[in-house]
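The following blocks contain the structures, represented as structure tokens.
Heads up, the next two complexes both have chain A, just with different partners, chain B and then chain C.
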Partner chain A sequence: MMLKLALKNFFGAGLRTWLNILVLSIAFVAIIWLQGIFVSFSSRAFDAMIAEEIGGGYIQHKEYDPYDPTSLEETFAPLCEILLDIQNREKATAMLIYPAIAYPAGRMHNVTLRGIKPEQTILELPTEKMAADLGVVPVMIGSRMSRSTSLSEGDRFMIRWRDRRGALDAKEFEVAAVMSLENQSVDSGQIWMPLSDLQKMLQTDNAATIMVLSTEFDGQSVMGRIADDWILKTQYDLTEDLRSLIAMADIEYYVFYIIFLLLALISIFDTQILALFRRRKEMGTLMSLGMTRHQLIGLFTFEGGLYALFALLLGAVYGTPILIWTARNGFPLPEGMDMDSFGIPGITDTIYPDYRFSSIFSTIILSVIIVVIVSYLPARRIARLKPTDALRGKWS
Partner chain B sequence: MKLQNRLIWKGNYRITGLLFLKAVAAAVIAIWSISAITQEPSASEILGHVDENITADSRIATISMTIHGRRSSRTVRSKSWVRGTDESFSEYLSPPREAGTKMLKIEDELWIYSPSTDRTIQISGHMLREPVMGSDLSYEDFMEDPVLSNIYKPELEGEEVVSERDCRILHLTAKSDDVTYQSRRLWVDKERFFPLKEEWYGSGGTLLKTLEVKEVGQEQGRWYPKRALFNDVLKRGDGTEVVVEDIEFDADIPDRVFSRAALRR
Partner chain C sequence: MQNVIEIRNMTKHYPVGTGKFTALEDINLQFGKGEFAGLVGPSGSGKTTLLNIVGTLDNQSEGEVAVLGNDIRILSSRQAADMRSEHIGFIFQTYNLLPHYTVFENVEFPLILLKYPAKKRSDLVMEVLEMVGLTDKVKSKPAKLSGGQCQRVAIARAMVKKPAILLADEPTANLDVDNSHNILQLMVKMNKEMNTSFIFSTHDEKVIRYLRRKINLLDGKVASDTEQLNNDA
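Moving on, here comes the complex of A and B:
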């Protein structure tokens, strides 16, 4: 009887009901879409960072600080037998990082040289392209670096550097490949080159700044056996800054979540208040016929909950194809927007939302609970209502 | 008879030997005297003279530096106080954007004061590679020991005419591995012992920078480059022209000029 009565009252409100359902369904779809984008940001950022930069973590020179380019000239050391062994077993790859100045088309650019073995398989980079015999040292750059320096594949340019002892030298290099990288920290201002060539340039045999570990290798297993010059930085340590950034982005997501839901909830709250005022005589009659106050509160709360239920159904009808389409085709960001300004790896010109069942389900449950609470709050006034006053159209 | 003959022979031999020694000594003295007059100075002597010319106990100079970029040129004027080889202080006078910027070098440390931020920063590490005011000279070029014979081993390579002056070509090779430019080539005026042209090379032999002295001046009996053109060969552009507007050698410069406090003064 309650269900029948609730449905009768619910649809009896006519256009107002459908407007509320539409607004709430839009809020639901928008929240799920937004959540898909934030989940995509987060997962792509971690994936890009692990694939292109940190692998399973670093065994690095103890003084190496990626945020202090002034330290790069000092922060490398020869690799010991144990580190060379894990490199030979393809459990790690050595990287020598060193500052230099590049002169593409005669313009000065401060750059960081990254020496890595062309045959490495730890990082997902097309380093094998540096094995080409071009007559000069082959290098690789990212697409951002290519844009900022106007260098393309096949271009030759000079690089000037100061060797380990302090003497300057310069040499010609050729761009063997322009890589499409998702992680700007290994792209902007970075020039990748064969490790052996960089070691020769600096006159440092077997020297490296970091050992990038494979994701399957536990760096801790060798730490007790290598010199104190080297320290272990786990994947967790190296993603600390990214996790802070993602946490900040999550706060932004919740702000949007609240805004969207609030828009819908205000209209539901409004409708509930209006219903309570308009339907005082009806409430008095129902109470006179034997309905308790709690049953009456339940009826009004259930009617409010129906908004969430129908909004979910309507949202599923038009939202599902929209969400599937955006997941497949992505969401292009406005032109001229600087993706790198986000400071999060993995953000490209087009964002592909990542909808996960668990997050959609939790979002729906949370949203429905909030809608029910918002429907219940105004209905609490019924608890103070006297049937006689209600029948006369008055509040007690 | 035999004995008599032997004595006569011995006597003659002694006389002949003495005469021969005298002749050799005279010849040696004559050759030494002639060569002393016409002898070319050695590479080390030439470099020594060059050092004497380019270094002074102290000097105060007003310099204008015109940086010829790809699209436009701009001129920066500065006044510098230099004492010995370890202390130098410069203050930029114009353009207004750079006016008041000061630079202090004491031994191997370099500080810059910027009036716009009212801050003094020490230039070190990668910042030393940055060009000074966008010119073809970097801060690290200022950090080199100006006494060439301290850091280079000279070798005479030949002769050439530069700016209508007869020059000797000196090839300098660094004495140690830590010298910024591992080799240099100097075209030194035969008469004035002043380098009219220089080429600075990297350790692999790549030409990195050039210097051409376009005009030479003389002050207090000392030659100096009145107008010179520096060129970072790797960089596109027409180089940086440095003009010495006025210069005073062996001036008395108070100690307070070469202090960090002077930067904010």
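Moving on, here comes the complex of A and C:
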């Protein structure tokens, strides 16, 4: 009975109803789309960080601090037999990190040299390109670095660094490859070079700053047996900053979520409030026919809830193909939009939204609950409505 | 015979600003089964107020009002709703039909509230639509009907449950002469067939001629209460 009356009233209202449904359905689709992008952002940020930078974690020199470039001159040590052994078994790869100054086209840039074995397989980087015999040291840079220094493949440039006695030394490098990296922290200001060349420049054999572990290797298994110059940083430790960044982005996402939903809710709220004023006589009539206040509140809440229901149906009709298409084909970021400025690494040019069933489901449930509450709140006022006032078309 | 409505020393105040306005004062009235009575008086004399109280839509301020033996002051809002649903029919000056429902659905609605089964509902609806002469309009929406037709639907809706009491607040105020007579003859007929007590509020001479009992209200007081011979009925 209630259902039939609600449906008749709902569709009897005509164009206005459909506009509300349309707005609400757009909000639903936009929220799910946004969530897909967000999930894709965060999972790709993690994936990129693991693939290009941290692998399964670090065994690192205990003084190593990536945020203090000058300290890098002191934070390396020779590798012991045990660490060399896990490198030989391809469970880890050594990285030597050292500050330097580059002079591409005569301009000065502070850079960080990252020495790594060209044949390594731990990080997903095309390090094999540094095996080329170019007569000078073959190095690789990321595309951001390439843009900021105007260096491209085949370009040669000078490097100066302070050797162990504190004297400045110089050497010529050639860009063997420009890499397309998702993670900007291994790109901006970074020069990747063969480990042996960097060790030679620093006159050390076998020294390193970090052992990057394979994701299958448990660093804890060697920790008791190596010198206490070395400490273990797990994947979890190393992703801490990223996790808090994503938590921040999470908040931004909810702000968008709330804005979208609010837009839709305002139209429903407005309709409900208007209904309470315009439909007073109808309510009075229903009361005179013997409907209780609870039934009336139920009726009006239910009518509001129908917006959510039909918006979901409509959203599903046109939203599903849109969402599937964007998930499959991705969509390019607008020209000039740099994701690094959002502080989230991992996104280069095309975003593939990642829709998870669980998040779609919880989004829908949450949105429907909110719609019903927004319908219910104004309807609650009916409880205070006197039948005589309703029939006269006024509120007490 | 027991009265369907008993009003004793009843007064109704409305709060106005800081004070109060007395709309009805010291009313004593009884209505028996099958009456065809009217509250007659100028605008503001308290006719609608009295009908609303009798119809359990409002409460009196002082005195006693019993409807079908129930003291209306102690009814919960739920019980009052049930009372209206089962025993009281309303007819309004402005018809008050549900705009998105067809004629059939409008008349059926009170029976749905009473949880009658579908077959019984449809039989009763068709029976009463026959009486008001609207069997050819069952599927029409109110917007497609004339004022007279709308009021006949409203009468059918009020009478379909065969209530003990029918309250009609100026039912002819929006109708022309022909339609008014039409409606009144219909109600006289139903009053006889169903033994429902009809109480009107009106200042329409056409209506007054049909009344068997005429209660004059003046400034919230009963000025006169007279039986009258009914020529038209």
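Going forward, the second predicted complex is superposed on the first by the 372 of 396 C-alpha atoms of A that agree within 3 Å, B and C clash if a C-alpha of one lies under 4 Å from a C-alpha of the other, contacts with A are read in each partner's own complex, and residues count from 1 in each chain.
As a working rule, contacts are C-beta pairs under 8 Å (C-beta built on N, C-alpha and C of every residue); 3 or more make two chains touch, one makes a residue touch a chain.
The shown structure was predicted, so the numbers you read here are calculated from the model rather than taken from an experiment.
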Which of chain B and chain C A:Glu282 touches, first, second, both or neither: second
Partner chain in contact with A:Arg147 - chain B first, chain C second, else both or neither: neither
Partner chain in contact with A:Lys233 - chain B first, chain C second, else both or neither: neither
Chain B versus chain C as contact partner of A:Met108, first or second or both or neither: first
First (chain B), second (chain C), both or neither touched by A:Arg16: neither
Touched partner set for A:Lys200, first chain B, second chain C, both or neither: neither
Which superposed partner A:Ala167 touches (first chain B, second chain C, both, neither): first
Partner chain in contact with A:Arg381 - chain B first, chain C second, else both or neither: neither
Residues on chain A engaged by chain B in the complex (per definition of touch): 69-73, 99, 101, 103, 105-108, 110, 158, 160, 162-163, 165-171
List of chain A residues in touch with chain C within their complex: 1, 5, 8-9, 11-12, 281-282, 284-285, 287-293, 386-388, 391
List of chain C residues in touch with chain A within their complex: 52, 55, 57-58, 77-78, 81-86, 90, 92, 94, 96, 98-101, 105, 109-110, 112-114, 157
Residues of chain B touching chain A in the complex: 70, 124-127, 129, 131, 174, 177-182, 202-204, 206, 208, 234-237
